[in-house]
């Protein structure tokens, strides 16, 4: 007999709806029993459209629903701590979208609670579930490129979000909001980061200065093993969504990434042209589905989380150190958790 | 209220299982109520795994199931006529995988029956539902390349099927089995075909001669509007699955197709390399899903079929004429349906 | 001591000037001692600009110049026979641009004369000297793709020449004029051609009908060894110059060709675009130089010609058979030279 | 009448021979009248092979040759100052290969001397003469990508030079030796650099530590106009030579660079692969020729140098600042010449 996991989704924003729809339709091992959104309307409409039996305005009510065995937390980052801590105290298995928090203290509190309660916590970094990154990881582990010595990571959005959505107090700012994906990949491919140095500016959208954020950044990494990293972040890849990673080793190199969405090439007197990947949902749609399936499977099998809270904390530490470096115009040492513990 | 279409799948071979799984999980507007396969075991196992309420050994029993409003016919081509005629007589809406038949007389009988009974018949040519082909079609209709004057169509399989599976009596032979997709695209992009000329041989797998089939063919087309076509078919794209279409117009050209499956580039002393599209399921998985969704939507909305039985007949006529040309080593005129009617 | 070859160039049209400039400046082993052009002005101006000591209006005068040891014949095709025969009778080593002639009888007369006089004759098919084709040939000989079973050859010009320049009486028509390069490559990569079948039309430039020529053609080849060939010829690759060859073997495949001229990619809201190879001089400039150097070296070393008159005759025979097939709408058997001898 | 420039080449190492051969054969406006090399044998052999009338062991003798109007200085960097100053004092027009010097004081002395004597000085940065970079520059000036906000520059060599050739005392170390090209391009595309920060290590060839050099570096740039730059340098692109530049603007982006040398694609069961650009001579051979032609033309026409000594000094200042940043692990402000003057 195949047990199914009774799961609830908290937060039905753009990404929350993606996860909820995936869980409702495309994850046979999951049983989406409830959704919650601070807009009761949104929750009700989604529930009716997708045949979800229960909907809630308050995440608290969902967390008190004893039928719910696991939750996917896709709420604004500022609420992650409260929701995750409460979910842990209610004994729910937890999937939490990145970033874990904008505060190391909060993140630590979340990890301490899940550790104490023994609940399952898996973090969301969907790129790790993309076929390209999975294949690259396997090839590196097979020794095809020798020892990695330099990783170059590029994340470029096709446009800046509306000013009200990218207030750095809520988003953490460009380096946290976009860079955390790259810092997570950097750790996955190369190891722990020792030092960071950042430059940046509001260059394409000067109005971003008014909210204290930037639209372009370059972050240098030095890993504990001596390897180097270069992270480029931008909001003005006006042609489309550009995510690329290159890993250079002693015996060879790997590139992951591409610019094309459909395999159509147009050839006219104006030259040869093709389309692009429009945005992250087009690039990573399968990865989001694979990720939430993986969470469901891990909970059902009692396996370890594929991406732990410690992973999320480490990526946050790098993000915050890189943000600090930008402000101070100085290299910043990344403190590891134990050091963090000591220093708090 | 959203009505759902009660549908049954007849035939659970490799492709039948794909459609059945899509219908069970990924087509919310469909309700997969029954499956049938000549191996009762296969039908039962699938039904239990996917929660399908009913399963049958005989397609006849499924067609007599009054709960079934529509059927997807994914059986061997030689049985299409019997199944489709009976389904039409039972008043079921019908989705039938290509090719409609290997016999023009049979195909005509199928069309006559569906016409007489007024049932809905939609044929399967999944490439028409691929994002690349859809985009190309739109661009051509928008006039970007002017008037098409030459179309080049390439279909290459990574290997030949086992001899027992490609007996030309069952498959129609290479030109029908593989080429019918390209002939269908040729009609979609350029128009009706007037003449064909074929060359071919059992060149990479000489053992195919023993069953009277070939593994490579080149078919020239002349369209009624004077445009030219070149179709290349092969079983020995040993590196992977290679489907490409190029359309050359008076003002520009379009290419559809690519060789890469994942966006990973490996760079070592041996050069730069990347992977390929392994086989048709990897290339067209989304297209199969889009196609069966389209069928379900059309039935529910009472819309016209996206690909009609007449379309399927026309592609068959080209395929058979091209096969005849190979035998006779002469150009062959493609007879249109009305001419066929007259001549039979 | 390094002897240098005293050479004269006959014909200073577009391509003649390319060869003459190469010989004057970039072939140290050659000494360009004379040029001839039916326009004395052109000859004189070129000679003065490039420091060539002698210039002639009549090729006959150049051929009587005893200082001239070798000639490059880059005149209109219709004059090849007269010039080459006379050059052979004057004992000059001869480089002759393709096509050797438009008439098999003339070509035979040329070969007979050079054979009788024992002069060195090397034909021009510059693609054989392109780095891509050279590399492909080596890889095939090394067995990388096994036995070739199908060759696909594409030649597309960005525009049709002015009507007065493409009169098929002078050019041989599209299939001879453009296709002869592909037929030569087909022989080089796969072997002798047994049968051809052609389709074609004046589709993009209907005015070409007025001179009895076409602008698009598709030619199917069957080789004596059973392999297949597909040749596509077009005058309406309006975006640029498109030369591609694909060779499909039992163990793998090779592609030669590309669309890009400079390595610049432009990415804007309109998509991603790049430039193209504008025309044959941009694609094959190095090949023309390598070819004329090879001729000079072969003469100086007493080596065999890299491309013989027999090669040129064979390519002509295929071209004429393909042209005949177009007129008759029938497959045509390609007669080999010995057969030709018999039948004349 | 076309005057030709009597030129001498000083230094016949690998690159010196390239320039000398280009001048001897492929620059009609130049007359290579003399070569000099500290190995008299090398000079004599080259002169005889290429028909150069005079050869010298000492550059001083060449500079005293009154027939010599211009010199190309392709000697080791450490000798640039002495040779250029003496050439200036002898009134010769000077082409000097990059880097101008490893010392800002020396470079200033060179500029002061050429300024005082009024001789023509043009510096060598061949990438500026590559068709790709020229095209990109034109497109940016035409406004296609709006205002540049970030430039990413990659230089990767396929292997490290022998330890004895990359002693940083002679080469300046990785950041000067390789990076100076990228710093020059950065100035050309974006403007003057304000700050630099570098990380690096001897990661792929640990033996480089023994000579005090590194094999990988990442250098962040902040331009005076606020734009950002990222420079990646590496000696372990083991597959080939990888030079890429990306310029990201407010309205679009440009990429320059590619991995392929010949247009041949190999497709076998191992996947799809192609070759690479082996080394800088294959990538930039035409650029070296275009550059030395440009020098000759500018001298003959009395035009301004395309790349001035000030340009060379600015690139050196960035290189040295970036090298200093690596040592200090701190961002370093790049001092402009006037500031340099003040501070010396």
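As written, the chains take the letters A, B, C and D, and residue 1 is the first residue of each chain.
Heads up, the rule we're going with is that contacts are C-beta pairs under 8 Å (C-beta built on N, C-alpha and C of every residue); 3 or more make two chains touch, one makes a residue touch a chain.
Because the structure is a prediction, the values reported are computed rather than measured.
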Spell out the chains that contact subunit B while also contacting subunit C.
-> A, D
Is the number of contacting C-beta pairs greater for B-D or for A-B?
-> A-B
So which chain is the furthest away from subunit C, centre to centre on CA atoms?
-> A
Quick one: report the Å distance separating subunit A from subunit D, using the average Cα coordinate of each chain.
-> 42
Mind checking the centre-to-centre distance between subunit B and subunit D? Centres are C-alpha means, answer in whole Å.
-> 58
In whole angstrom, the CA-centroid distance of subunit A from subunit B equals 40
Enumerate the residues of subunit B that touch no fewer than two other chains.
-> 237-239, 251-253, 260, 266-269, 275
Residues of subunit C touching subunit D in their complex?
-> 25-26, 28, 131-132, 135-136, 139, 144-145, 251-258, 260-269, 275
Touching residues (chain side subunit C, partner subunit A) in the complex = 237-240, 259-260, 266-276
In their complex, what parts of subunit B are in touch with subunit C?
-> 147, 149-150, 152, 154, 156, 195, 197, 199-201, 203-204, 216-218, 220-222, 226-230, 232, 234, 236-239, 248-253, 329-331
